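Heads up, the next two complexes both have chain A, just with different partners, chain B and then chain C.
Take a look at the complex of A and B:
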């Protein structure tokens, strides 16, 4: 009973912190946009962790779907209809669709092979956005567009001019995605994914269609990361091919590992640390890449269970 | 037109030879230790820069011999200090670690030698075209193809004829049994890693003479090397060689007809292979 209450309290505390963030961020040297970025990255890392931590499948190419969704949203708003919800819808469809097709091709592969193929596939979309200059803007990225305020009929949401409002706009989708993820993970389907993670062979002998479950988990994960991708495009009013680069995929994985990939909130903790550190370090030195590389190495060597993993172990003792 | 196609096919073969050289090293490490060495491209760049540093003192030929060995030595150190700790753990961790190393290598080379590509001296007589009609057949390119051929033959000879090679091949199939039979597996993995990095270093020295030498040279070659392994078949070294040459030629031919797709074509090939033959061209069934 105590553990149950603790978990409830922790959940409530996390939501309270997220809900009040715009009010106290300035006091500790933050700014609202940083909070928005944390939310977007956290959503992406949690989406990846649906696959990584809860299905036990290592995808190292999630930036592809993240970036595709970002381009989908941006290009819709720029070329077709200046509408934020429509842009998001198209972006999510594009990202999830690509995930469904590629997922079907690779679902039979396992372990390192799976990881390697996901990395390599991610690069296709990178090169397409990089090369298709006249549509995607190539290396310079897609500029000259911005998110559009949303007209709800009775009121107008000025997400463009009001950063606090846009933070809550992102938080809304963040909460919605997390609620969906929780429902999925608590359902028989989610329990089956855990069973596959723990012992794939046994799951197969029990008659579980393992490939179909892994594919579904991959597509669901791509769906959520696509939501994050569209929000990322809206947040920056800009997309460039780096959103699809394998470095970005690596960042998502390290956020999940850093926070603790076996716990639900782990990737959020990882994203907070990563984004804040990135913001701080890259404004103080040009050698951000060496720093992040060292960061990766140190986490793997000394911190493989992540922040919440260590915390969990202490509680268990 | 024929000349253009010939030129690009030949170019593709050379590029493919690089992919193969790099992918063979990656494969060696992956097969025996289950580690995807993301930092392989970093080692390649390091090999090139080592040669660049050494050329003023010991000349092109000296550097050609010494730089790969120095790179391999650094590789052995890295394996000893860092990668060894991760054997037997989830491949996620070695992937992340080498990923971090790749960042450090790229930024480190940029920090030391600058972001611009550095001039790299190849002996003049090697740069002369061998024939007037086929201007692209410079001595250096032919020499490079020959050297890659020698290196690959050497690798296969080591693997098939020496005790070390036999142990590497046996360990690839069943490391536990090899260990029980009294082979020091730690040393074996260490040497194997060094062998893989030697190939990366050699590729770096050769690539520097052709592609120029800049911090991103390794990063631009790592993805095609992954594709090479997947197309050729995981676990098969002849497959890796074949895969490298194939995707090299495919890139070359696409450059003639549809240049903007020249990078994407190899991934399309990979997709096709995965659909038709998921284990790759020469991969063994059921291993992965």
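Take a look at the complex of A and C:
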């Protein structure tokens, strides 16, 4: 029961920190937009971890769906309708749809082959956005658009002019996504995914159609990473091909592994470390990536289960 | 009608003939042992029945249906469950969670994202029963990967049983075990066979276990059928003694 209570307390603490972040961030040298960025990256890393940590399948190409969703949202708002909800809807549909199609082609592959093919597909989309200048803006990115305040009828949400309000807008989708992930992971379906992670052969000989379940997990993971992608476009009022680049996919993997891929909150911790380090170190040196790389290597060497793995082990002892 | 009917199956790996024209008929409620020296093709033969491999030729009938080309998961749905020579469990989950997954899949809940409290209660109760039957009640919440070998094997057997199989295939259930563990697992198999009227086919090296449990014994040597009969007939068979029992002694 002790572990259960600890978990409840930890959950409550995390939500309290996230809910109050805009009020204390500036006191420790942060700013609201940094908090928003952490949430978006954390959601992306947690989406990836649905697949990596809870199904045991490594995708090295999740930036593709993240980026496609970002472009879907941005292009809808720029070219079709100046509406934030519609932009998000289109972005999520595009990212998830691409995930469903590509997932179906690759679910038979395992391990490093799966990872390589996800990179390859990711790079295909990267080069499309890179080359298709007159639609995507090419290397310069898609500019001259911005997120649009949302009219709820009784009130208007000025997510454009009010950064705190936009933080809570992101937090709303973050919380909704995590609630859905939790429901899924605690269900019989979620347990079949753990079964596949733990022992694919045993899962198969329990009568679980392993490929179909991996495909479902991949699509669910792409759905959540697409939500993160649309929020990323809205956050920056801009999107460029680097959102789809395989380096971005690698960053998601680093965040998940850094924080601890077997813990639900691990990728959030990883995202906090990654984004804050990036923000802080990059204001001092252009070589911020080497610092993150060094930090990552040290964590993986000494704490292979990530930052949260350290605490778990302490608790177990 | 016989439950399992293996008709003249062969399996080739390149030029190696692992199983060569073997037939077997298993009646409902029977406990059949498959024995033979190392490299006799026993495990390959098992893999053909469970769908881990497909035969190069021959036919496998289960309860009157041709299952020769069915995928493993579909054979499980029809009622064929198996364990492996090297125990296959979910090591980082508890015994309770291991069995819970098996019970939920067997109940057809594998795609459910929500269970009613009555369905959830039934699942939990069934898991408790299985833990009890497998002698795992006191260790239920320990990680299976940290359990003794015998308890891991018991977990694996109970997971297979959770599927309510009509045919249970056990590949060397006592492999690598000490005397006490061997004894416990043998008693467990005997209990399942008698109380659940379960049809079981097992591969086993330990002759004490085989002669203690089996209704009928089939002997493979070099991929082919050498002999088949009751334990008394097999013990008296000169070809078997020459090829196998003699060598083991």
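Assume the second predicted complex is superposed on the first by the 311 of 317 C-alpha atoms of A that agree within 3 Å, B and C clash if a C-alpha of one lies under 4 Å from a C-alpha of the other, contacts with A are read in each partner's own complex, and residues count from 1 in each chain.
Simple rule for what comes next: contacts are C-beta pairs under 8 Å (C-beta built on N, C-alpha and C of every residue); 3 or more make two chains touch, one makes a residue touch a chain.
In this text, all values refer to a predicted model and were calculated from it rather than measured experimentally.
Peer 1: Judging by the criteria at the top, classify the pair chain B and chain C on chain A as clash or fit.
Peer 2: After superposition on chain A, which the two structures share, chain B sits beside chain C with no clash.
Peer 1: Using the touch definition from the top, say if A:187 reaches chain B (first), chain C (second), both or neither.
Peer 2: second
Peer 1: Touch test for A:117: chain B only (first), chain C only (second), both, or neither?
Peer 2: first
Peer 1: What is the contact status of A:58 with respect to chain B (first) and chain C (second): first, second, both, or neither?
Peer 2: First partner only, chain B.
Peer 1: Put simply, what angle do chain B and chain C open at chain A, by C-alpha centres, to the nearest 10°?
Peer 2: With chain A as the vertex, chain B and chain C sit 80 degrees apart.
Peer 1: Going by the touch definition up top, name the partner, chain B or chain C, that contacts more of chain A.
Peer 2: Higher number of touched chain A residues: B.
Peer 1: With both complexes superposed on chain A, which partner does A:257 reach: first (chain B), second (chain C), both or neither?
Peer 2: Only chain B; A:257 stays clear of chain C.
Peer 1: Is A:50 touching the first partner chain B, the second partner chain C, both, or neither of them?
Peer 2: Once the two structures are laid over each other on A, A:50 reaches no partner at all.
Peer 1: Touch test for A:198: chain B only (first), chain C only (second), both, or neither?
Peer 2: In the superposition, A:198 touches chain C alone.
Peer 1: After overlaying the two complexes, what is the shortest C-alpha distance between chain B and chain C, in Å?
Peer 2: 11
Peer 1: What residues on chain A does chain C touch that chain B touches too?
Peer 2: Common to the two interfaces on chain A: nothing.
Peer 1: Along chain B, where are the residues that touch chain A in the complex?
Peer 2: Those in contact with chain A are residues 30, 34, 36, 82, 85-86, 89-97, 99-108, 111, 223, 226-227, 229-230, 234, 260-261, 263-264, 267-268, 270-271, 274-275, 278, 288.
Peer 1: Any idea which chain C residues touch chain A in the complex?
Peer 2: 50, 72-73, 76-77, 81-82, 84, 88-93, 97, 100-102, 104-106, 109-115, 156, 159, 163
Peer 1: Please give the residue numbers of chain A that touch chain C in the complex, ascending.
Peer 2: Touching chain C: residues 183-184, 187-192, 194-195, 198-199, 201-202, 204-210, 213 of chain A.
Peer 1: Within their complex, state which residues of chain A touch chain B.
Peer 2: 52, 58, 60, 105-106, 108-113, 115-117, 119-121, 123-124, 127-128, 130-132, 246-247, 250, 253-254, 257, 287, 289-290, 292-297, 299-301, 304
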